[in-house]
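Each of the next two complexes has chain A plus one other chain: chain B in the first, chain C in the second.
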Partner chain A sequence: MRLLTHNMLSSNIKGVVNGFPLRIEAEKVVEKTVEMNGDFLKKMFEKVDWKAFVDASRAMGYNELPEEADPSMLDSDEFLNNFHHALLELHLEEGALVCPETGRRFPVTKGIPNMLLHEDEV
Partner chain B sequence: MIQNLGRKNGSGSLNQSAEKMKLKQLEGLLGGLQQFPQPKVELEQYPTGPHIASRMLFTAENSFGDVSDKVVADFGCGCGTLGVAAALLSAAHVLSIDIDPESLEIASVNAEELELDMDFIQSNVLDLGWRGPIVDTVIMNPPFGTRKKGADLDFLSVALKVASEAVYSLHKTSTRDHVKRTALRDFNASSAEVICELRFDVPKMYKFHKKKEVDIAVDLWRFVPASHPSSST
Partner chain C sequence: MASHKQLPRTAQIRLVSSHQEVYEPCDDSFALVDALLADRNNLQEHHPSLCMEIGCGSGYVITSLALILGQEASGVNYIATDINPHAVEVTRETMEAHGVGAELIVTDIAAGLEQRLAGLVDVMVVNPPYVPTPEDEVGVEGITSSWAGGENGRSVIDKILPVADRLLSEKGWLYLVTLTANNPSEICQQMRKKGYASKIVVQRSTEEESLHIIKFWRDVDTVGDEPDQSVSGFIGSLLTQIRLLSYWRGTNSDKC
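Up next, the complex of A and B:
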């Protein structure tokens, strides 16, 4: 699971008011190289929740993203490369996503988060 | 802890080829995908054939520009055919969702065989929580609702909330008027158009199928969600 996916998911357990962002517990992270697409990154920069994204990247063991970011940084190749790497090349392979309100763990196995809710959570 | 699984990019790569993929080529690649070994009737698991899947995504890309460089989500992906087709047509990110772990296992193998990076989530499409308008396009071959009434429209309702640009979906031709009315009136779609009518070959997979092969007429729809800026077109 890429961090782009993480950035658009939230916990949807019954009664939870703000299920975003899910906290990441990383047991295994893999990197897969993909070609960079600058226009796509610029579009995503406007849509990504930056704080959640930075926290998620750190939970994955990647510390190259600045705490705060503004659009002028997109002119820097170094920033763009790091943004690309964290958004699209880091994959959570084994671990869990944890609901920020209830602490319920959604396990991630072979890169696939299991977000199935129990009957009493729907 | 971090492993590098570098992908071949450039010469041998399928999804990044400079030349646009041809329909026949796309159909051929989809024809090689693994399908359900033991379909589950309660989930209405009918494979999306390569003929339909290739035409659906080819049209989305070449007539509407809704696939390449986009974030695409496949709702109820089964063995992954539609999402694979989107990835082959250079979607920037593909997220495929299914409730059934065995389907997801096959789907991820299918993606790997073609060296495509795709994300998968195990979830009931109707229960998943979303943040922000990140998904551009939703593609789906929903359960037609023959076993659970209205299942296809439940999927459509969620798709029109999640997608910011377009939803491509298949529905039985016999329900055309109902689908259109529901999409526009109840789900706030700003447009709902049938792109073409297709024949869906359902081979005899389940015991309750009496004939060897059932041919169902289905419509390929393109819906535009409400908030889209160019929704009036």
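Up next, the complex of A and C:
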């Protein structure tokens, strides 16, 4: 699971009001290099919740992202490279996503989060 | 180069992974990929950033889409979900075998994504469980949930449509597999009320079933429940409607 996906995921347990962002428990993180596409990054920059993204990247052991970001930074190659790396090249391979409100853990196995709810959570 | 109009590669059956509890690529899967191929020029010019499949099964469809449209270098990312954990695992293997990838999530339709992914999906493909069955077979564990569609085969489809509407971007397209028994013209009417135009991209009849792959897109002129439609919009949607109705009257032999 990429951090792009983490940024789009919330806990949807019945009754949970603020299920975003899910806290990351990282057991195994892998890096896979992919080609960069500047237009894609610029488009996603507008959609990403930056605070959640930075926290998630730190939980994955990556500390190169600035605490705050604004669109002018997209002109910097260094920023773009780091944004690309954190958004698309870091994968949570094993671990869990934890609901910020209830503490319920959604397991991530072989890179795949399981968001299925138990009957009493729907 | 230009004179060689090569068909793009789609997923190869010999590289598609399998599992006894996972739906194998079948006529419906092939028809959906044929629809994507038939529409590939439009898809390429559409420049989608995020593509999504709900109910990815073996991964045959999302893999084919990724081969048609390209990956990160082309600025395209893929998300695929399935309620069956084995299916998502098999999709991962199928994609890996083809050298492509997607973000995979085990979930019910798009639960967990509906809030933050709203309005971001440019292309959605769905081959849902569409076979008419008793309601209590819908969503049970394992392979049954890959085809069991409840009354008129519409139970899961009717849950997916509002989710698709929520997730699709302004320019978003949905490709949906339907069976005649699902009453596709009624599905189109329902989507028209949400502002979508529709057209049949592929129609295929086998001995048992008649499949339609329908493409939906947001159309400013296609707002079904607004009385003050523009003339062109009204005539346009009327024409679409007449075309669809006469179309289904022609093929709907087992229902009408």
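Miscellaneous remarks
Note that the second predicted complex is superposed on the first by the 122 of 122 C-alpha atoms of A that agree within 3 Å, B and C clash if a C-alpha of one lies under 4 Å from a C-alpha of the other, contacts with A are read in each partner's own complex, and residues count from 1 in each chain.
Heads up, the rule we're going with is that a contact is a pair of C-beta atoms (placed from the backbone, for glycine too) under 8 Å apart; a residue touches a chain by one contact, two chains touch by 3 or more.
Here the structure is a predicted model, which is why all the values come from computation and not from measurement.
Partners chain B and chain C clash in the overlay (superposition on chain A). Taking chain A as the reference, the larger set of touched residues comes from B, when chain B and chain C are compared.
Contacts of A:61 after superposition on the shared chain: chain B is touched, whereas chain C is not.
In the superposed model, A:29 makes contact with chain B only, not with chain C. Contacts of A:50 after superposition: neither chain B nor chain C is touched.
In the superposition on chain A, the residues of chain A contacted by chain B and by chain C overlap at 1-2, 4-5, 7-12, 19-20, 34-35, 37, 39-40, 44, 47, 49, 88, 110-117. By the touch criterion given at the top, residues 1-7, 9, 16, 69, 71, 92-93, 95, 99, 101, 104, 108, 117, 119-124, 127-135 of chain B touch chain A in their complex. On the side of chain C, the complex with chain A involves touching residues 49, 71-77, 79, 83, 85, 88-89, 92, 103-108, 111-117, 120. Across the interface of their complex, chain C is touched by residues 1-2, 4-5, 7-12, 19-20, 34-37, 39-40, 43-44, 47, 49, 88, 110-117 of chain A. Residues 1-2, 4-5, 7-12, 19-21, 26, 28-35, 37, 39-40, 44, 47-49, 61, 88, 110-117, 122 of chain A touch chain B in their complex.
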